[in-house]
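Both complexes shown next keep chain A, but they swap its partner, so chain B is in the first and chain C is in the second.
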Partner chain A sequence: MFEQRLIQLPFGDIVHSLSGYTVVLFAFAVMFVVLAIISLPEKPVDIVFGTDGYYTKEIPVDLMKFQRFMAIACGIATIGAITTGDVFNFTLFAAFIGILNVGIVAAVKNKPVLDAAFSYGLVIMMATVPLFAGAAIIGATCGTLSIGELMKAGIHAPIVAKLFLLVGVLGEGMAPFYIGKAEITRSPGAPYILMIHVSSLLLFLRAVEIFLMV
Partner chain B sequence: MMIEFLVLLIAAIFAGLLLHGLHRKIIARVQCRPGPPIWQEVLHTLKFSFKQTWIPKTASQVLYVAIVLIAIGIWVAALWVVATGATLLILFALYMLHKIVEHGTGLSSGSPYTKFGAIRSVMSAAAELPLLATVAIVCLFTETLSIGEIAAGNIAAWDTVAKDIATGNIVSWHILQWPLLIIAFPAAVSLYLLILSKAHYGPFSVIEAKELVSGYWTEHFGGWRALLNIATSLKTVVLLSAFVLVFIGAVPWWLVIILMIILLISVSFVCAATPMLNPYQVVTVQTVWTIVVVIYGAVVWLLKLGGLL
Partner chain C sequence: MIEYPLETALPSQTFGFVSFSQVSLYQIGITIAFVAIAIAFSAIVREKDDIHKMLLIDLIEITGLVVIVLIATDLAEALILPGLVVGIAEIMVISELWLAKEELQQKHSVRKLDIEVMQTAPPIIGLMLAVYGIFLTGFSGGLIAALGLMIFFLGKNMDERFAAVENAAGYAWALWVLAFLIFMFIPSQWFLAVMLAAVGILLKVMAKMSLVGTMRGLNNV
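Right, the complex of A and B next:
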């Protein structure tokens, strides 16, 4: 049902690989890491309340540097989650992406934004429970966490474990929660903020592949 | 192969722009207006191509330009996937990545109008969840994700329909071997809703609503708008042709074009006759439909587990 692996890098029974599907995700992740490295942030235009005037906000250099660092690290973690051939490594990368997503938001020195970052942090911490539980159940029932081994005929991961993984990934990729709150309109730094959505989406797409494969 | 694909690409761009023109024409006629000529979108794109083009001072300059090129890249790759009959999962991924393009286009300029368009785009991500359920349902019925194999299977299925109807005995019909348009009807509705949600002037077109000027792409003008027009024309062709191939089958190319036009006309009628919903209504409708499709998918999966499929 799935395409042949195009590139393989075996470490024992754990085979890091790229299929036609993950190559697309990998290329997209690399593109946005490069964009985070070379792009400068935008200057958000805002209305002067009660008047017809408007002004542009300047983003401080230290904020830009911190957000850029977080975005690049997040992109690299996303590449790790896409290429890994091990369910446990995937959950580690997912947890890493969650932390870095919070870091990108928490860099903004604005009280409502920081309050929101605190809420995201709680969601992400709670999401690690089903995330790692899913990996643990797969390990306990199948005897391996290697995606390559799990793909072989005769080994099927329990549906509960796969659902746990999916729920955990939905919690770690915080884009839906982030969009649901008004703080996004206050957060500058388009190339770095965008990485929250890139990482959340790519993590979800990789989780879909794992869900269907193991 | 590359030359053939290049010819297909150019044809798809023009076909997509003409389909957009037809969409506008039908909406206008339903609303008792004369409307623009069908080739208006081709003229628009050419006009934008030769207009003065620059980058707004407030924009994140590299992102502002790169996101347009990424949009083109995504839909050229999607056309390649459909043309070669590759995996449906890659098409699903490319469609999802288009969300990032919409979001990036909106965020990159620094304008509040485009930013709100971008936020609405991500909010309406609920439209993509039925798409995932659609892929899963198609996979459960056909046990393949190859668009080529699914399309070929549908053609064989229409023969089964003809034979079953010819027998006249309903009890002996092989309904589970009928085409996906019939047996996976909720999945077909999901893809149709997705096409509708991406159509201009539709009930779900909140990301480019007029209260946001032109929404997420307000600040992309001149050559950038021409390139985005090309990307959206490819998107229309890819989504319509994917619907025909996955749910109707690998019919001759001229019939694919006729079916795409019929599909578009139906979308245009819905767009003309339906007011634009607000963002919360859009998300509610999409979420309710997601629940319906997921329940249908779960029933199909349980039947398969029970050996009834």
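Right, the complex of A and C next:
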């Protein structure tokens, strides 16, 4: 499943490629980028407690534009993480996904939401340490960061490096927990919030492929 | 202590980043780095104040860079730069978030320095530095020219919009990317690419840096 490369785009020893597995992830990411581009923001409805009255929240155009931009950028970073053939580039894309997820959430000026975004921001900053350290240990011990080269030479990366990478990806892709807490229930943001969940899920799935290959 | 399979992994390499003479050094280095990481993370567990946490985490990121540094080749240098940039981007995002969260974002504008020397000297110094910077071209030239413009703008009251300057920076950056594409696809035209890159980076750095001189907390910058 992992060895078959459907599309390849070599840049030196770094080969950007799609396998039968990642092509599905790629299609999924592209689909959600297109959805973020074409869809209009959802207006949340609040029911007045104890009565049958309700009111809808207006989404300011500024907020909508910012969240849409962040969602599209996040989708593109996810596509980058899926297609890249370099362990370090993968970690960089993971870090970008983290920053952009914070951006999607932090657009809403609401104290609980900002609190959650802030603590998630602290987590993504901490997660860059194991993330980059994992990639650096692979580079130092195996002599290359190219996934293709690592596969070809049959070198297995040290288990510590893989664990570090895993912890890093866990930290960067943690957004849905914070978002579930703050964003969905309290403030406007749909459908751009979806990108947070999609990017984290696809990041994990791509990380699994890298762990199995190197 | 964790053992790294350096001896088994290395001989099969075409290009090993860590040579045999460095193996023990690498192990010593990474042990020290891990101790530093452990100390840094234990500090974050104890800290409760938001802004202190932010500062500590900025320090923690340095320990991550130390592990990258231990690759100890040119590649390490190439990896530190993006690592550092990501770290800076994150600390900026988080500090802006903290300001928004605590409602500390500065709303009032700061007036210019109203002293005589700031009216006469900046144009002359600014012009000199800008001309010398354009003569140098490239990244360092851009920095010097930008310093000139920064000093010039510091002595002025700014009330126009700076979107035009930002646009120029964007186009200059596109020029720079174009130069790289020429390097990749038409290598015979390398001289054109070098010139495009030099001018592009000059304009980009100059435009972006000179905006610093106009930052007074106004709405448009």
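Keep in mind that, in the parts below, the second predicted complex is superposed on the first by the 199 of 214 C-alpha atoms of A that agree within 3 Å, B and C clash if a C-alpha of one lies under 4 Å from a C-alpha of the other, contacts with A are read in each partner's own complex, and residues count from 1 in each chain.
Going forward, contacts are C-beta pairs under 8 Å (C-beta built on N, C-alpha and C of every residue); 3 or more make two chains touch, one makes a residue touch a chain.
If you're wondering where the values come from, they're calculated on a predicted model, not measured in any experiment.
Upon superposition of the two complexes on chain A, no clash is found between chain B and chain C, which fit side by side.
In the superposition on chain A, contact of A:63 is made with neither chain B nor chain C. Touch criterion met: A:201 reaches chain B, while chain C stays clear of it. In the superposition on chain A, contact of A:160 is made with chain C only, not with chain B.
Contacts of A:143 after superposition on the shared chain: chain C is touched, whereas chain B is not.
In the superposition on chain A, A:109 contacts chain C only, with no contact to chain B. When the shared chain is aligned, chain C comes close enough to touch A:129, but chain B does not. Here the apex is the CA centre of chain A, and the angle it makes with the centres of chain B and chain C after alignment on chain A is 170°, in steps of 10. Once the two complexes are overlaid on the shared chain, A:117 sits against chain C while remaining clear of chain B. After the two structures are overlaid on chain A, the closest C-alpha atoms of chain B and chain C sit 15 Å apart. Within chain A, no residue touches chain B in one complex and chain C in the other. Chain A makes touch with chain C in their complex at residues 88, 92, 95-96, 98-99, 102-103, 106, 109, 111, 114-115, 117-118, 121-122, 124-126, 128-133, 135-137, 139-145, 153, 155, 158, 160.
Touching chain B in their complex are the following residues of chain A: 1-3, 20-21, 24-25, 28, 31-32, 35, 38-47, 56, 175-176, 179-180, 184-185, 190-191, 193-194, 197-198, 201, 204-205, 208-209, 212.
The residues of chain B lying in touch with chain A in their complex are 57-64, 66, 70, 77, 86-87, 89-90, 93-94, 96-97, 99-100, 103-104, 107-112, 115-116, 119, 122-123, 125, 132, 136, 139, 143-145. Residues of chain C that touch chain A in their complex: 2, 4-6, 9-10, 12-18, 26, 30, 33, 37, 41, 44, 50, 53-54, 57-58, 60-61, 63-65, 67-68, 70-72, 75-76, 79, 82-83, 86-87, 89-91, 93-94, 97-98, 100-101.
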